[in-house]
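Structure incoming, see below.
Per-chain numbering from 1; labels A, B, C and D assigned in written order.
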């Protein structure tokens, strides 16, 4: 049984961490902080948790956090960065669900997040927590940068192609669509039901913060420069990301072995499911579950590989992956607390 | 570990049983039947189950079913009625999620379901499986009639009022609203997304099959005749029922003790949550969970008691309650397999 | 051609007024005010209006408004009340879509709206603009209080019963459901897509501002005290209100003539449609249209009359009814600009 | 005033034609046929039309259709093809909303539609009715093949790029998303609310019938072979298509003049709106309106042109474009009956 703290628990990632950890047999949530809601029982804000937690939100208190084995940050960017050194010094391990430690190039980070990074020394030591790529390093990490939602869906879909050098790395396109929970739980007009319901649009088409994160991951996979275009879109639904990926295969003869290549790449991965060739993964097939499902397509004799990849943005795209990372870090069974099937319909 | 069979597993209640049982530690699903889909792996029809079941749908086969400890019927009405005697004779226990054994008055049943009941002797012995009312009898029952979705939400909300004789039993109104999954998974125009999305309407306002079931339960609770008006409505969403109940209190002084009365009535019930007075239960607070949440209201100095009661129609209104009944019948922990919080948002 | 001004045009009622007036052949919108968005072209905020208006939001300017023939107020309560005297003095006619002039009893108004009314003399002269009740007075009115959305759906459904004294006026129940656009266009967490989507709940069940407005209208119709319980609910969709109304008929023999009574009451009303007995009006059948559709039901031999009444909350429940009132006030064809069928599907 | 007939009016395109034509001042709908629903008043099936039409569905009757000036076909493929010769002989003009006359290469047509074309002589004479490309020919056409929904959104977005030879025609990608009304109004499980709601997926990713239609149109625009990848997706909403288009610019210096090029290409088009550079068109901004809105994007120094293009699949993607074609064919004002703004929110 480990003791876990959550910093910034009022958003959708916070409640999702609580939902998942409620059935995790080896974890006790010992505190959840929120400046604005300090004193309010979590079950008053999130009635699905009635009967599951007696916990109330509390002011962030370093002494309490330092008594935890692990602290999750579910905060806006800029918060974890400042609090991490003190926790690190105290030997606490951290999984940061924000973007503070995801980019190795801090100039790029400053450009996209509009501030200077204040703890570059910890940024350097942080491990980018995509278990399908970095499981061994995560085991030993003290500080894990939990990947963004889009980057998770996009990287997992492209990885087998790039790692094997099968496609032109300069011509990658990721057309991604996300449910509205990805925009968080703040009172902004753009995410009102009246604005999002029954409508669909692209956003950030000229540039989105997840683009440099995707590019960094794909560059590593390709062991070289990549050219990637990434356009996110907003779906009139709550949970789920689908990314349709397009890449130009170098040698069309390779089409024949793609399916097997993907299957073998992910055979031992508990949370990546390569569906039969020509399938169409639905976001609902992963709703509430820590899963990525994907499938391959080709149109007639085209040289374009099409990959459709789905996740739940709040689970494999955030809180579920964070728990998966925690499991890995503490030597627990990797699927602990993450075993329930998705909610369908 | 008990062996369980499911007859008629292709509908939404079927997949929901599978979803719940996937994480139940004391149950093994040994067969799931479907004439139309025999041979198809369940995970092909319901991709959320990929990795959880190797099972395929099979033709109904009496010998296989008779080897089960328990059989769930998730069939249209008229099916369980005919198959039950053979299973009973073999000592198999049954939880029937259809309406075949819910009504004690078989003339009423015949009127509403358009056929004669063929096994009245078993209907007589069937136990109406609302655990909050009949737990002790369910323990010993061989045949349990699992309550309908609306009747569950409506009865639980009215019970404390009627059992204590606090309201006029002749003036009960239940205005209920259900997500579209309650209409099942059949290719009918009325339940197309294009017909249901972004719209709302009453249906069955002149009479619905759940009316006699509700009336029967409330009559028992009131120990006498009741007059109840029940109007169901169709919500543009998938899961969830909310019932707003109206009753005329006999003595307005009783308003003061209503909250405590409700709390004490359900204090030991693991799956009924009486929220603070004046709360507004949301259907999402029970999505995917075997919970009924309810709250009380009064407008100014009115003599009308208002109860708002919510369930997930597929869980506490169907598959979850069926598993709860199974747990009770086999002496397992009643909450086994039903402990995860609802999926919110 | 009349000149029209709109005060407070950034909300959903404001854009709906613009949408409707865009095709009204006898109206020119000469100004639309918004303090917060002054200078922004309306088509930048509402791209559906691109190509229809060159207009930009402007600071409220009394001299411009006083040059209008009619001014619509689409403001929060408390605004119209203060601006009306100056406009009245200038001979401008006003349709106020807010609640400022809806209640004749200003003590009640102060209780529900949390402020003292500042222009009681104008409140006295204001005409409650439900054309089906007050058409003749509206013709001559200088100041029209446009009814609330719920009150429109509820009153129209109850009117024929109460005007004819057929039901017990002390036992009226209105269970009403509204799409989320009724909550307006402000950045509040409660109306985020992530909070409202795929969920349903009652709200204001212990008391809602539309209750006194409904009570006032029904009292007039019944020519005496009424007892009415009103519970609003929030639908996971954008537009539409359905109200299911319950009343106890005094003489069950009257059931036979109810349908004809309703039909004859509304025969000459262009915007009220009494559907065949036993129909289930859908909110989508009035989406975008200035229509109220309703139908009657009875369950078996019950003495409860059930009326289901639907409107689009932004049209017959707000902007459409306001334009209808304008048409009446200025002697235009009452259906002018309001003739297009609803958008279905 | 012209007389119009509609063959196959029970689907969503049929009711949309009726909705639009209800306010068209120069058209009288004299018949609407449906074998399955003959005798049923259209307003019984589509209550939004109550008060607008007295018409009932009728058996297809050649003599009645031949008395029309124009017949719309809103039928499955294979129907118009067989009925057209008789109507042509009678001098009736036809706008076919099905796919029967859209492809010039009838071998390709036979491959995708699974039958041999039976009236190739009429296929040859048919005009592909995209007014932005073929207005002059449409004026004189007796038989117009109304474009598909996806092909409309995709072609309009790519046209200025291809007509001017600015992009590599061999590397076009169209990632398109459609509301569920595009799947029609038939009782199929795949389009149930319970299957589509709150979920998102690609479909037809290995090949969709609109691919050859898109390829044909783009080939014409490029005056040469094109390589286009087209992946459609299913949105959990009713109306609206968004297509995100990707093309590789040959000369990045051309980026500077793209916006102006698009604006000048569509300056005189009443139904194409080029939004400011970097905008994100929303499908709701065209809901119910015969509009295509589009905007351009570029990511940093990439050589990929991104175009986001939206239409309402039932309007500019079907019935609205059909009425636009009718207006052109009969020398009416092209925007007649199509002037109302979109329904937002």
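Convention: a contact is a pair of C-beta atoms (placed from the backbone, for glycine too) under 8 Å apart; a residue touches a chain by one contact, two chains touch by 3 or more.
Please read all numbers here as calculations on a predicted model, not as lab measurements.
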*Which neighbours does chain B have in common with chain C?*
A, D
*Answer with same or different: of all residue numbers used at the interface between chain A and chain B, are over half used by both copies?*
same
*Once you count every C-beta pair in contact for both, which comes out on top, C-D or A-C?*
C-D
_Whole-Å gap separating chain A and chain D, where each centre is the average of the chain's CA atoms_ = 38
_Centre-of-Cα separation between chain D and chain C, whole angstrom_ = 36
*If you average the CA atoms of chain A and of chain C, how far apart do the two points sit, in angstrom?*
45
_Per-residue multi-chain contacts in chain B, two or more chains_ = 12, 181, 185, 194-195, 197-198, 236-239, 281-282, 284, 287, 345
*Residues of chain B defined as touching chain C within the complex*: 171, 173, 175, 177, 179, 194-195, 197-203, 205-207, 211, 227, 229-231, 233, 235-240, 242, 244, 246, 248, 278, 280-284, 287, 297-300, 302, 304, 306, 308, 310, 345
*Interface residues, chain A side, partner chain B - complex*: 12, 15, 18-19, 22-23, 46-52, 181, 185, 197-198, 238-239, 273, 275, 281-282, 284-289, 293, 339-345
*So in the complex, which bits of chain C are touching chain A?*
12, 180-181, 183, 185-189, 191-198, 236-238
